[in-house]
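In the two complexes that follow, chain A is the common piece, with chain B as its partner first and chain C second.
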Partner chain A sequence: MATPFASMLDGLTRQRGVTAALVVSERDGIVVDSNLQIGQDGDRVAALAASLYRKARLSARAAGMGAVSFMQLEAPGGRICAVGGGALVLIVVAESAVNVGLVRVELLKAIEGLSAAGGDA
Partner chain B sequence: MNNVTVVESWIEAPLKQFVLDADAELALLLHPSGQVLAQHGFARAVDVMSACALAAGIHASAGELGKLLDGRPFRGLHHVGRARQIFLAEALWPRGSYIFLTVFGPESSLGIVRLYFDELVAALVAAAPLEATPATPALAEHFERDLNRNLAVLFGRA
Partner chain C sequence: MSDDVRRLSDELARDPSSRVFVPLGEALRKQGQLDLALKVTMRGLERHPHFADGHDLLARIAVDRGDLERAFDEWDMVLRLAPGHAGALRGMGFVCFQQGRLPEAEEYLTQAAAAGDEDEGVALALANVRAARRPAGSPSASPASPAVEHRSEPRLPLGTAHDPRYLFADVLTDAEQTALLLDRDGLVLAGAYVAYDGRDVAQDVGAELSGVTDSARRATRHLALGEWTSIVFETEVAVVAMAPSPSDGLLVLATSRSTPLGLVRRLLDRCSERARKWLGGRL
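== the complex of A and B ==
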């Protein structure tokens, strides 16, 4: 059965260089919905990336920097990008060569849909 | 603080790693009968004894409830409190089945705890001595003696 997030996740994974897209509960780090390639461990990525995002958000707030709008982790083998929408986090796993600017725009656009679908709960 | 105490030494390293990785406040590994094997974060033997009895009871009840509803025992339980959360799950390895209970706060998450619980079980399977005798059901006549012996080991009174 298609979830309210299916078309949004499809749109993200259609971007060149994006290998996975996940909607994750920020507090629990549990996958709500995902588009993954065979062999990708969605549960592991979700738990760790949501934890990272939550801590980045809390760090930014503690430093008086306000809300985190976009988080990017760069590693030799690729990138993880995340944006938060209320109780949910939208996470994208991408290759190193991905157009980060485009991914950022798509994530920020998608987060509006995420909030409308219940992310502000 | 990472004050893990164990009844059998091979449990120590995997449990320490779990506590560190998952940011667990409390951790308890026990036999389904309620006999404690390792603990982290408890200050008093009586608290460990109570937690073991409750965890064994909850695990047994959840198992039976699962059989009634789904035809097979529930193997994991998660409860969210106001400030802390509980994760209770069955750890299966060649020596048999054990119960693992952990309490974590807002620094951690269910996803992180589940992830590192799977790694803990894999590490325990790898660390378990091959010559160890399989876990046997606790006998009522020996239960209190064994429980007191294990608690004495954990709290430095052995």
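== the complex of A and C ==
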């Protein structure tokens, strides 16, 4: 059965260079929904990326910098991008040559849908 | 609701005339509950209109809400109520800097330091303001200027050259930027993390970022992406960039949202180089 996030995840993984998209619970890193390539194991990366996002959010709060809107981890072989919406984090894994600007815009657009679909729960 | 907020709320409920509204408002502000913090502080000030610390808190809430004019007015009120109030002088210095009023920023920050403000952020900000006031033609005033090692003129306050808190002061290009070097446990090794209102929150930020290096490494290894090179996140008012440093440490750089990402990356590279040299005993 399709979840409320299915079309959003499909839209993200259709972006050139995006290899995976996941909706994850920020608190415990559990995958709520995902769109992965065959053979990919999303559980561990979901937990680690959610943990990174949570640390970013808490450090920003400690510094009085307000809410975190977008996070990106860069490595020679690719990138992990994340945006948060309430209790959920939307994570994208992409190749290093991906158009990050476009992915960022799509993620920020998608986050509104994420919150509307239950992210504030 | 945190235990602190609950306890302070109970205390204020028991005695509405208490001045506990200040620590309560501050706790709410730190949690990002700005509307509630404002409400509590305004109510407290209705009962204690001449309480300088209440106006000081109101100013910091205004800064968090992006209302610099209001913040400046409140700190001005604080100085009328408590002349020489270091927090107000520090805050007005930061507001002036944000508004590009550099001579006034320097004057307020100098007064704050003279008033005995021991917040390391003040001396750091003062060094940065003085650097920003240097003539545009000066080799070290341009963001695109070459490596700091080629700078001939010292930019740090006297007596701070060997203070690790100032490790990045002459690498950064304006007072809105701050950099911090953490060890593998999130403990501060060098630099400072100066919040918008001038407080050094390095320890708090370090505690929250403890373990980032490990999480990042595990994530990139799991995905076979290679060793991570940077993490950048955007907040409502800042861009924060991080890079790994030797011995599983972490370099953290914060800049304003208006800083172009290319410059953020360049600054991160410069700070990383400075950290590597410092950790290698080459400074």
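FYI, the second predicted complex is superposed on the first by the 121 of 121 C-alpha atoms of A that agree within 3 Å, B and C clash if a C-alpha of one lies under 4 Å from a C-alpha of the other, contacts with A are read in each partner's own complex, and residues count from 1 in each chain.
Operating definition for what follows: a residue touches a chain if its C-beta (ideal position, glycine included) is under 8 Å from a C-beta of that chain, and two chains touch if they have at least 3 such contacts.
Predicted model only: the values in this text are computed from it and were never measured.
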Chain B and chain C placed together on chain A: clash or fit? fit
Just to be sure I read the superposition right, which of the two partners does A:Ser51 touch: chain B = first, chain C = second, or both, or neither? both
### Message
Once chain A of both complexes is superposed, is A:Val93 in touch with chain B (first), chain C (second), both, or neither?
### Response
second
Between chain B and chain C, as viewed from the CA centre of chain A after superposition, lies an angle in degrees, nearest 10, of 90
| field | First (chain B), second (chain C), both or neither touched by A:Gln15 | value | neither
(message) Looking at A:Ala75 after the superposition, I want to know if it touches chain B, chain C, both of them or none. Which is it: first, second, both, neither?
(response) second
- When the two structures are overlaid on chain A, which partner does A:Ala60 contact: first (chain B), second (chain C), both, or neither? second
Discussion item. Quick check for you: in the superposed arrangement, does A:Asp28 touch first (chain B), second (chain C), both or neither?
Written reply: first
Max touched-residue count on chain A (chain B vs chain C) belongs to chain C
Closest CA approach of chain B to chain C after superposing, in angstrom, is 8
Dual-contact residues of chain A (chain B, chain C) 44, 48, 51
Chain B contacts chain A in the complex at 108-112, 114-115
Chain A contacts chain B in the complex at 24-25, 27-30, 43-44, 46-48, 50-51, 54
Chain A contacts chain C in the complex at 41, 44-45, 48-49, 51-52, 55-56, 58-80, 93, 96
Within their complex, chain C touches chain A through residues 29-32, 64, 193, 195-197, 199, 201, 204-205, 207-212, 215-216, 218-220, 222-238, 240, 252, 254
